[in-house]
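In the two complexes that follow, subunit A is the common piece, with subunit B as its partner first and subunit C second.
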Partner chain A sequence: MIKKPTNKKVVLVIEDERPLLQVIEAKLTGAGFDVISARTVDQGLHYMEEVDTIDAVWLDHYLFGDKTGLDFVAKLKSSDSKWKHLPIFVVSNTASKDNLRSYIRLGVSKYSVKADHKLEEMTQDIKDFLDSPQE
Partner chain B sequence: MSTSNDKKTIATSASIARKLEVLAQEKETARQKLVVTAKKLAATAKENESIRRKLVETAKQLAVTAKEKEVARRKLVVTAKRLAVTAEEKESTRRKLVVTAKELKRLYGTLEKKVLRRTKDLEHIRSRNEAILTSIGDGLVVVDKEGKISYINKSFEEMLGWKTQEIIGKSMVEVVPREDLHGVEVSFKERILTQVLAGQKFVADLTNPFYYIRKDKSRFPASSIVAPVILNKKIVGAVEVFRDITKEKGIDKAKTEFVSLASHQLRTPLSTVNWYSEMLLTGDVGEISAEQKMYLEEIYKGNQRMVDLVNTLLDVSRIELGTFDGESKPTNIVGLVESVVDEQKLQVAEKKLKISCIFAVNIPLIQVDPKLLRMVIQNLLSNSIKYTPERGRIEVALLLDDKKNVIFKITDTGYGIPKNQYDKIFTKLFRADNVIGKDTEGTGLGLYIAKSIVEQSGGKLWFESEENKGSTFYASLQIGKPKKNGVPANGT
Partner chain C sequence: MKKPLPKKKSILVIEDERALLDVVNKRLGKKGFEVITARSVDEVFNATLDDNGLGIISVSSIQQALDYLEDLENVDAIWLDHNLLGKENGIDFVKKLKANGGKWQNIPIFVVSNTEKSGTIQSYVDLGVSKYYIKSNHKLDEIIADINTTLDSV
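Take a look at the complex of A and B:
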């Protein structure tokens, strides 16, 4: 079990595009978060098991390997999951109507299109949510 | 002796007397004869005179005749000369005729050869045309004015499973039923063939695919074009060409997948540029100079334009694929218009435009996808701003028409649309001549998208315009439920 190093909020970022992952990390770290990075669904699930202090997930849809963000959300939001109430922010460029509907139905907190939003906006979304969580 | 002498003398005298008497008689006779002769001579002389006169007369007449003869002779000479000339001409003509006859004979021969060759050519063309018709890859059917089949090609036979001899003379509409995409049979009246035969000009339903039912009752997706056959200004039948679009449907699916892929692939590098520029601009990774900031801002803006362009192209693809399915809900259009106007205040201020809004008091909520409606209003307003020169006026209004549709109306004092380009203004990628040089950022997609969205939700979009005076665009929107999965705007 990896210990929570500080009392900062922890965000798990699952994004396979290296330059994007890097800049997200920089932004969130700069905004006062601790960041754990993963590039596949399985890696992300592994960190979920290992780090018990994750406060929020930043998730891309298409990832390395054959699993997508939907598989990750389905696992976390299943009825017997201990992470049922964990906020998940899907940030993807694949804004297909079907994907979006599935994510909303599964209970993600927000779905944003990468190209249409600033890092600042999404960081603020996470901050706002963690400051006053909504059901 | 005396007496005897006497007697002798007497006797002699008597004899002389008698002789004299005889002589006298003879003389008398002779005289009489002479008289007669004289008379005869006189008569002869008279006759002779008469004859002479006659002769003279005849001679005169002969003289005249001789003259006439001379004249006649001369005339004959002239005539003879003329005849000689004519004969020569005749000979020449005859010779010419001989030549012509030969030429004609030769030509006739050539002509005959040509006719033969042409007949062969025609036969060749006819069989080639027949072969072409027969082997056209698309199904082809020709019907008479009653809709009875008069010709089908091989592809028709292969696609529908019918043989020529089985269906010739039968009604096309009855032999080959058509179903819409939901599997509902298209009625006789609604069949395009029926409509074309009834005088409708020309119908293509390439954008409205349907299903044709084969002889064995199986079906395949098809699209067709039907055109009337017109002879002496009368419809004598119709020709339908149709194709199996199973493959195209597959391509459509591939296209959807491509759109999804493109959206992901194109947006990822754009996001990278966006976010890295953002980090530099916000000072997250250290301070930058004012000049560096200016340069970065240009990079950021350029990238933003690219993002917008990709998004617009994706919208167009969705419209064309019919996957632009909005989620309609009761929407406050007044609030929506106000917020769009508010959003673009900066651009309005930059050009020192005067903008006013007039809303009718009783505008109800309308059933529409607010995101899509926002796109329509954004497009129309940004066009007005872009294409109105500085210090111009823009008037935005929401009204209700007598059929209780909500009318969005936007009027500007801009460059207007050239009259000869009215019909192209809603065409994809079209940009009017008079604005190409004034604004370099337009894509020619805004009005196309706006019209498609409005029409898909059962409304109408139109305009009035005068070059260099301005334009007014109207969008009429139904208050009630819009059509579900409306037909794309380019459908027929």
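Take a look at the complex of A and C:
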């Protein structure tokens, strides 16, 4: 039997730029999270199916391959999805109003523009969100 | 006539992301590999070893992995991530393993990585790893099935 080694919260980070991914992983790990990283929408969806311990998702908009973060969110937030209530934090430089509206409409927990927010702040936001009582 | 049960294959898994490591361990266990999970030498020898018996030895730093190899003789294969905890990556691990000479020279190494830089892949190929999988291109079960096939054909 495999026992879960810790009760750390697990964040799936979907980000295709390796250097940025490494910084995000370091920040989240430093804040007490376990991180699992993916570089494409499909890889992220595979991990959703395979790793049943994921507590939240950190999502970039533009990703490797031809799918964007919106495809990922649409899939997770669809009406028959078992992950409907999983918090998703979109962190992207592409703050086009259309994209932003789409993400909000699909029900992401928060949308942040990379340039405006330090990664520490994002990490803290996720922490605060997961620590606060959920409905 | 009774056929002897085939010996379970043991595999050393080196992966820094704990959540992924847990899943890989579970999957390999289901596919008939023997399982140990740990992130430190202490964990292996004091706790988990008793719980799970010998088998998959999972570690998240290169030093740990080399310590295990010193102590555990029967590693049939190695599952290796490229990016690892600490300063050294999977390439450093393979170099050290191969530099250790004869004993560990021929353990098949399966690199499972997010990195698809051709230079990185070429380095592994030059060092003589058995296979290189890019994580985003394969489901875990596909990789496990392929490792099984490769080990059976040796």
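The criterion applied here is as follows: the second predicted complex is superposed on the first by the 127 of 135 C-alpha atoms of A that agree within 3 Å, B and C clash if a C-alpha of one lies under 4 Å from a C-alpha of the other, contacts with A are read in each partner's own complex, and residues count from 1 in each chain.
In the analysis below, contacts are C-beta pairs under 8 Å (C-beta built on N, C-alpha and C of every residue); 3 or more make two chains touch, one makes a residue touch a chain.
All values derive from a computational prediction rather than experimental measurement.
For the composite obtained by overlaying on subunit A, subunit B and subunit C can both be accommodated side by side without a clash. In the superposition on chain A, contact of A:Leu86 is made with neither subunit B nor subunit C. Angle at the C-alpha centre of subunit A formed with the centres of subunit B and subunit C, after superposition on chain A: 130°, rounded to the nearest 10. Once chain A of one complex is fitted onto chain A of the other, the partner contacts of A:Leu106 are absent, as it touches neither subunit B nor subunit C. Shared-chain residue A:Lys118: touches subunit B; no touch with subunit C. In the overlay built on the shared chain, the residue A:Tyr62 is in contact with subunit B alone; subunit C does not reach it. Within the superposed three-chain model, A:Ser96 lies in touch with subunit B and out of touch with subunit C [touch as defined at top].
Of the two partner chains placed by the overlay, only subunit C lies in contact with A:Val35; subunit B stays clear of it. In the superposition on chain A, A:Leu45 makes contact with neither subunit B nor subunit C.
Once you line the two complexes up on chain A, you'll see the smallest CA to CA distance from subunit B to subunit C is 12 Å.
Here subunit C touches subunit A in the complex through residues 17-20, 22-23, 25-27, 29, 35, 37, 39, 51-52, 83, 114-115, 135-136, 139-140, going by the rule given at the top. Residues of subunit A touching subunit C in their complex: 1-6, 8, 10, 18, 22, 34-40, 42-43, 46-47, 50-51, 53-54, 64-65. By the touch rule above, subunit B contacts subunit A in their complex via residues 260, 263-264, 267-268, 270-272, 274-276, 278-279, 282, 284-285, 307, 310-311, 323, 325. Considering their complex, residues 17, 19-20, 23-24, 26-27, 30, 62, 92-97, 113-116, 118-120 of subunit A touch subunit B.
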